[in-house]
Amino acid sequence: MIPAMGGDHDHHHDHDHGDNRWSETQLRVKALESLLVDKKLVDPAALDALIDTYENKVGPRNGKRVIARAWSDPAYKARLLKDATAAIAEFGYTGRQGEDMVVVENTPEQHNMVVCTLCSCYPWPVLGLPPVWYKSAPYRSRAVKEPRAVLADFGVTLPAATRIRVWDSTAELRYLVLPMRPAGSEGLREDALAELVTRDSMIGTGLARAPGQKP
Amino acid sequence: MIPAMGGDHDHHHDHDHGDNRWSETQLRVKALESLLVDKKLVDPAALDALIDTYENKVGPRNGKRVIARAWSDPAYKARLLKDATAAIAEFGYTGRQGEDMVVVENTPEQHNMVVCTLCSCYPWPVLGLPPVWYKSAPYRSRAVKEPRAVLADFGVTLPAATRIRVWDSTAELRYLVLPMRPAGSEGLREDALAELVTRDSMIGTGLARAPGQKP
Amino acid sequence: MNGAHDLGGVDGFGPVVPEPERPVFHHAWEKRAFAITLACGFLGRWNIDMARFAREDTDPLTYLKASYYQTWLRGLERLLVEKNLVSAAELTEMKSRGTSDARMLPADSVAKVLAKGGPARRPDPPGAPRFRAGQSVRTKNIHPRGHTRLPRYCRGKQGIVRLDHGTQVFPDSNARGAGENPQRCYAVEFAAGELWGPGADPTLSVMVDLWDDYLEAA
Amino acid sequence: MNGAHDLGGVDGFGPVVPEPERPVFHHAWEKRAFAITLACGFLGRWNIDMARFAREDTDPLTYLKASYYQTWLRGLERLLVEKNLVSAAELTEMKSRGTSDARMLPADSVAKVLAKGGPARRPDPPGAPRFRAGQSVRTKNIHPRGHTRLPRYCRGKQGIVRLDHGTQVFPDSNARGAGENPQRCYAVEFAAGELWGPGADPTLSVMVDLWDDYLEAA
């Protein structure tokens, strides 16, 4: 389900606390942008380019291609786990908030999940900008203490014996989870495999979809 | 200075965060009281008696009498420091939120200060109900970490060498500070001495007044 | 619980604002909120630890936004429903659907019950207390989801027992209705450096009242 | 600082609410707040650690009340004034009193500067790192009033070094303009029981990226 964009009333995740001063914030942002433009501190065309980049060009699709390649190509997977920054750069995904990448592999024995308890560090070049929940207090507070309860909020149940490693991104390292390749995906091509990878599976709050499973 | 009582606009200490929903709260309290009266869970006359008790009968005046006695009567002071509950009961100050009392003595070498970081435990029979700042986040957060900075907010500076003990009231013990008797108070009678004791000096955020010093 | 109520050592709240000794209340509604909370407490359906937990067990934003009597009010409403003195429907509608059979506090008993209070001290069991004044102890590192009176800032920390407060009701169990579990309570002194690390005020120590179950010899 | 941003292990915030992969922004103004923050960051007048501190150094209630882009906006306004790009009067009036001589990011450089990023990795000094994978370490118990990336929940705790991330800019000094002080950074693994005590998930461990200055051999 993709909800309608924009508007002031479709918003409920990052602000469920009753401080509904959107219109005030909206006016302030507009005034600040004008001020910054007048002072020649920002170029309006650069602002549009920044927004276009993260709204339309850089997003979880990038990470899905990386994961699909790792599932298909054992040599690539080895490179990815050894030097994630370089292996991801093979796709041209580099730069801001992904300067130093680490990929951690999920297995039946060990599940990895990523959080930034102190702010919202997130690997932009491969996942785009973080979802609201990733930046929110419930996720940041609970992920390091009760990840199974958090996973339950995503409808995910792991076997009781699976070890869980939660990575708290306190430094300028950015973590990408390599989810387990789903059963039934044998013989699928890379582009079909990429369709099975979800954003959440690359954060560790979800699993990759089985072929035929609904998005 | 004693500010005017009541009203909705003289209030600024315990709610400086912009959540100005006083009228909503006021309506809710009124409705809840009516509901409780209708259900015969509370007796309106008992409510008035409770308010009258803590607004007019029980307050820091009680503690001031205790401190003045301790300053005047060495035997009483010894009893107070040995078994505060019993010594305070000599005045008839007993009961709720003062069931188990401890008195700690300030000296040139050691200053004592009381806080309840987890809620707002306070010795009602001798001090009445706590001031807003005692219940507030700034005091509760800072008292155990930077008491000298807190004292500065009260205009109090202690000698650099004075040791400070901050008592965090986590249990059902209630602490009363015995402030230092001010210089120049020699020969004063108990009732005159009591005038020099301030509420804050019995919490440890203030000192007793010197004779002639303005309240 | 690790809630917003556990304020010791949190930065950023700004200055303490002193105030004169009077007025005691700052709004007319505060008097009523105070009185109904106290009066309902005398119905005997909950203990003080349950009352504290009802106030602290909430979203940190809710806790920090509220004034103290607003917090009392929120706790009272929760307890009234939890303890079946008021139904959820009655609270929503603010309309009574029938009187309660709980024994309300009559006006002429107010002075007596206040003077009596509710002591938490219990008889000491035979035998010596586990710790004595001067002894070194370390607090446990516990993070219960329920009520606890071991603040976050002094968990896993070494201190010295200074006072023996005798046997006291244990809040962690009392708050969840699991019994008083009375046990020794001590005033334990922590050097500021132990709590706050390098740069702490060298003249500062913090005394915290702690029960046997929070402590290990150290 | 021990601020409200330091959220690990705090209880009471309620459930996590998943959301679909799109939309990226939930309000038109969020796009603008995001873009002006990023664009101003490219003026080079502050580093990422200063930006983080500007966002977290506030009253806990202010922090918790705000949505994430509101927090960015608050931080941006503070930095603009602190770094003399905008005067306090200009910010109050939201009216320019003259253009700045800072070099703004032109639209045709956006792709290039994003692709370049701002690496925090620095050359490794000669000699072996202080710790190696598999070694036991203990975090210090520090409570600086300034910026730190040692979360409260893992202070004074024992863990095992797992990954060596090489030499990285040290945020605590970089945030206050006291230099990059580059030093080794490691991923350290903590058993949940060490962090959360009895009752912790026995299958859980938490990996935290920590710098030499936070660690002692243990």
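The first chain written gets the first letter, and so on, giving A, B, C and D; residue counts start at 1 in each chain.
FYI, a residue touches a chain if its C-beta (ideal position, glycine included) is under 8 Å from a C-beta of that chain, and two chains touch if they have at least 3 such contacts.
On a predicted model such as this, the values are computed, not experimentally measured, just so you know.
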For chain D, the least number of touch steps when starting out from chain C: 1
Label of the chain whose CA centroid is most distant from the centroid of chain C: A
Approximate Å spacing (C-alpha centroids) for the pair chain A, chain D: 17
Rounded Å distance, chain A centre to chain C centre (Cα mean): 41
Per-residue multi-chain contacts in chain A, two or more chains: 17, 137, 145
Residue list for chain C, restricted to those that touch at least two other chains: 9-11, 13-14, 59-61, 64-65, 143, 195-196, 200
Chain A partner contacts - residues on chain D that touch it in the complex: 5-11, 13-29, 31-36, 38-40, 43, 48, 52, 55-56, 64-68, 70, 73, 76-77, 80, 85-86, 90-91, 94-96, 98-100, 102, 104-107, 109-111, 113-121, 149-151, 153, 163, 165, 168-169, 171, 185, 187, 189, 192, 195-196, 200-201, 203-211
Residue ranges of chain A touching chain D (in the complex, touch as defined): 1-3, 5-8, 10-17, 19, 22, 25-26, 28-36, 38-43, 45-51, 53-55, 59-60, 94-100, 102, 117-120, 128-129, 131-133, 135-148, 150, 153-154, 160-173, 198-200, 205
Residues of chain D defined as touching chain C within the complex: 1-4, 9-14, 57-61, 63-65, 140-145, 152, 155-156, 194-200
